[in-house]
Amino acid sequence: MITDASPAAQPELEPLSETSEEQLLEIAMGPQHPSTHGVFRMNVVLDGEHVVRLKPVFGYLHRNHEKIAESETYLGSMPYTDRLDYMCPITNNWAYALAVEKLAGIQVPERAEYLRVIVGELTRLQNHACLIGFLMQDMGSSGTPLMYAFREREKILDLFESLTGARMMCNYMRFGGCRVDMPAGWLEQAQNVVREFPRFLDEYENLLVSNEILMERTQGVGVLSKELAINAGMSGPMARASGVNYDIRKVDKYSIYERFAFRVPLGAHGDVYDRYMIRFLEMRESLKILNEAMRDIPAGPIVDPKMRIRGFRPKPGEAYGRIESPKGELGFYLISNGSLNPYRYRVRPPSLINLTVLEDLCIGQNVADVVAILGSVDIVLGEVDR
Amino acid sequence: MVGEGILKGLVETARNFFGSYVGKDRLTTVQYPEERLPQIEAARSFPFLVYDGPDWDKGMRCVACQICEKECPPKCILIKKSADKKPDAVGKPQFYPAVFNIDISVCMSCQICVEVCPFDAIKMDVDYDLSTDDRFGDLLLDKERLAKSNEYYNAIHPTEAAAVDAHFAEERAKAEAKAKAATEAKAAAEAKVAPAAQEQPVGGETQ
Amino acid sequence: MTQALDQIFVLTKQWLLGFVPASAQPICSAILSVVPVLIGFPLLFAITTWLERKGLGRLQNRYGPNRTGPYGLFQPIADAIKSLTKEDIVPLTADHTVHFLAPVLLAAASFLGYAVLPIGRNMVLVNMNAGVLYFFAVGSVVELAVFMAGWSSRSKYSLLGAMRAIAQMISYEVPLVLASIVAIMQAGSLSTVAIVDKQAGYTGIWPHWFVFTPWGVVGFALFMIAATAESNRSPFDLPEGESEIIAGYYIEYSGFKFALFFLGEYLGMFATSGMAITLFLGGWSAPFSFLTWIPSYVWFFAKLLALIAGFIWIRGTLPRLRMDQLMSLAWEFILPMALLNMLDAGIWHFMPAGVLRWLVCTAIVAVPCVLLGQGLKRNKKFQVRTYQFAK
Amino acid sequence: MTVTFLILAVITVAGTAAAMGLRNAVHCVLALTVGFAGVAAIYLQLDAQFVGLTQIMVYVGAVAILAVFAIMMTHTPLPAKPPTYSSFWLLGSVVAAAVFAVLAWAICSSAASTQGLPPEPEVSVQQIGDALMHQFVLPLEIMGLLLTAALIGAVVIAMDRREETK
């Protein structure tokens, strides 16, 4: 059950302390705060250092993405999707392309599917690596793991740049395929990065996994029960850390994911430690997918030859395309009325839905834990506020 | 034993500390103004207009069709079509943009204008160290500042530019062949029926 | 020659004093002793900020500052200019007097501890009978300055930070003092000079430092943990935990007052490190008997820099503890170990020298340390987990 | 009466007077701390190092912090505009005068002021330690036991409350 911040819900929180209302301290964490991952605010009511109530306030980064998309052409929204979850633009492109392909019934050539899987999993690698770094940063380890993560992310961003022309705002997918093919030597370069990546993961694990301070800080903190995870619509690593076996790559078998042998790690406790360990394990699985995909990639066209770039009008209808983005279920819901612009355009952002349980996770915890819990949810405000 | 994990972490950071002095793979920072990464061919920053030949105004490939203006997602392009026609690089009379402005404070470098242009007239630049102290004037690029030569385009995007040039050469050859055929046909027609020659269309203009 | 080099500062001071009349000599002597400390340690602070930024940079695979001067060496100067020219913002609702006095008191109190630190042979400002006691007494003044800063800013974050800081400093003062008691017991004096003198001898080439005994190494480790907490260094930097309460008690300070806080903090760190050196690492004495020709003050600063490097290394590696964990570490682990360590030092004192003494004393501290650690770990129920995969 | 003593005495008296006169509770505590520090400095000036340093440690380091902690925890709002003088000022000054008279009489009739000062004994920390460990070992141990009991009692009470709140 998600507790709302209405007055009716407060009496059951009262037993935490004997102190009266006046003894409580209300602080606003954010929108200017170093560890809210963007312009996000939490109105936290504290008893001593324990959280009694927490009210997330967002919308500071609202850019009217969905409404703008309704006045753009279908293709015109593609570069805007880059800016939703700016840590992983390519998976955003992918989810949107998938939705439009469903709407218009477009087939994607084999080679393009492989390319999509490769860049998608590379995105997952860099997102998870950075997330763990940010989490440690929030716990005060002066940025060392974050810098190691950035060092590796840089190599992946270099790959993105030489493939798509931009490091972050890739704008790579097109309806029915991808925009450009790999340049010469790109595949070897990517294989190199993937080959080197496990070394970094070992380094990362040495630094973090068995660290006593880290275990003490994260184990048993911010526990999300399996029931709450299901009821609140959690997805991605957040749900899997609570033991919910829900990975859209397995559930929907979208694209060509059924061809690859990869496993889905599940947590048993649903605490912050599980959430970040699940991401470690997922990176290892992503590497397996990448290795297989790079070995098997066929030659061929990269985009459906029937697709025209201008004047694209899908037939009237609706479609919901979703993928397993690094943060969870990223879905685009589109209604077409046969014109150049979508009639309705809606994003299901994983960060926003995963953020809804924040108060449940934080109540009774310490201020320091709030920061760690928020970090483990993995939010990007570009996606939360849209 | 307590402290084992902490010691492991300390060893790891120490390895990185010394590793950053010996190996380039750990210390990946590029000292930017002194060192630069090699230019990536696919890179893109802001759009520019390609012209052929020595004169930027004469050789502009843009024919003011206004497709990019329509397709641009953030609507940062402003084009005003000319009233008259001017011969382009090939010598064909074409419309040309009387005004072509791009507000690069609005442009988001998405490259859609490049993809939709049927005349290969607008391309992406790779110049990234841009800055100005004029917030309004300098960020609004006009036709003159947007114009870059085809040689420049060839230098920054060699593979792509070669394909475009080949395509143009093919087109031009086709046009010339057609023109030749037309003149020959005309000559033949003239030889046959001299009075009818005035009604013949001029070769190459039929496109 | 080496003798002269070792005593060069003492001799210079005496030579300079010869120029002033006898009646003015005490005051001139005091000035001549104090001024070098007032200049030297802030200079060390400047070097340390550079070292820390460079060192942390390398730990994190970065270059660190390298734009100001060769190897970024002028970075502290640039920082100083920046903090001096920045606007000094005082919140409207702040208690202006107290807000102003807090950084001044903090910086002043941080300097007081240096009075009893023997920096070299015959180089101590005051050879006080109760030197160690004095050191801890003036150390407690810092808490008051921290409270003043936190309270006068009228900011909720700074109040939280001040509360954390005071709770932490009080909790760790006890283990800090208890950990240092072993050295005092062994030396039989509270005077820092006497403690260093006690450690000055050599067996073969090895020095008689207290750290080379079972109780000494435990005492040193406990002292360093407590000192890290006392000086608010990572992983005990909760009072300023920048990712949680942003900067804690000095969140509302800017410009030069902020720099004063920084200075005070680093001076506190140097002072406690200096005390650790005095108590356990033989003060200014050389680590091997054949190295005694190097001047004593060089050794003191070498040891100080080594400890600072350790602080930087730890800062670059470890995440921060939480308040309750910090407290439980102090009261459940460090305090019992410190008490046990005192017992151990007593036993060491009364047992005849030999292998047996070593074995017994090592066992007395090592076994409970492991058991206590394991017990706490089991009690807290944290472990490295294994994970299942969905079929 | 040396100049140093005079300065210290002025600081001490001014500090304690300010502690009584100031309206803001925190300012009072800070002023009182100045008084404590002044007293400690007087002790040190009299070469009583142990007492002086203990005064700093206990009063400046602990008592003052305890007081500010108490103020911070209760965080009472500042009184809007308190009256400058209490309405019982007459009664108050009578009581103060009486206390002063009694103290003055006691000091004037004490042995120290009638017979002049005895020669200052040289007391080092070592001697204090020896005295505590030999002559006064039983009182010391009893005190220690009492304080330990108090400490354990405080811990038990605190732990009990935490159990309840859980």
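Chains here go by letter, A, B, C and D, matching the order in which they are written, and residues are numbered from 1 within each.
Here is the rule we use: a contact is a pair of C-beta atoms (placed from the backbone, for glycine too) under 8 Å apart; a residue touches a chain by one contact, two chains touch by 3 or more.
Worth saying up front: this structure is predicted, and the values here are computed from it rather than measured.
*Asks:* Please state whether A-C or A-B has more C-beta contact pairs across its interface.
*Replies:* A-C
*Asks:* From the C-alpha centres, identify the chain that is farthest from subunit A.
*Replies:* If we average the C-alpha coordinates per chain, D ends up farthest from subunit A.
*Asks:* I'd like to verify one number: the distance from the centre of subunit A to the centre of subunit C, where each centre is the average of its C-alpha atoms, in whole angstrom.
*Replies:* 43
*Asks:* So how far apart, in whole Å, are subunit A and subunit B when each is placed at the average of its C-alpha atoms?
*Replies:* Computed from C-alpha means, the inter-chain centre distance equals 34 Å.
*Asks:* In angstrom, rounded to a whole number, how far apart do the mean CA points of subunit B and subunit D lie?
*Replies:* Going by mean C-alpha positions, subunit B sits 82 Å from subunit D.
*Asks:* Just how far, in Å, is the C-alpha centre of subunit D from the one of subunit C?
*Replies:* 29
*Asks:* Quick check on subunit C: which residues sit in contact with 2+ other chains?
*Replies:* 59-62, 159, 316-318, 377, 384
*Asks:* Name the residues of subunit A that each touch 2 or more other chains.
*Replies:* Correct list: 144, 148, 151, 207, 209-215.
*Asks:* In the complex of these two chains, what residues of subunit D are touching subunit C?
*Replies:* The contact residues of subunit D facing subunit C are 24, 26-27, 30, 33, 49-50, 53-54, 56-57, 60-62, 64-65, 68-69, 72, 124-126.
*Asks:* Name, in rising order, each residue of subunit C that touches subunit D in their complex.
*Replies:* Answer in residue numbers: 95, 98, 128-130, 133-134, 136-138, 140-141, 143-144, 147-148, 151, 159, 162-163, 166, 170, 173, 189-190.
*Asks:* Please name which positions on subunit A make contact with subunit C in the complex.
*Replies:* Residues 25-27, 33-35, 46, 49, 136-144, 147-148, 151, 207, 209-217, 219-220, 245, 247, 250, 263-269, 273-274, 277-278, 281, 366-371.
*Asks:* Sort out for me which residues of subunit A touch subunit B in the complex.
*Replies:* 72-73, 75-80, 144, 148, 151, 154-155, 161-166, 169, 171, 179-180, 183, 196, 203, 206-215, 309-310
*Asks:* Quick check: in the complex, which residue numbers of subunit C touch subunit B?
*Replies:* 55, 58-63, 66, 313-314, 316-318, 370, 373-374, 376-377, 384
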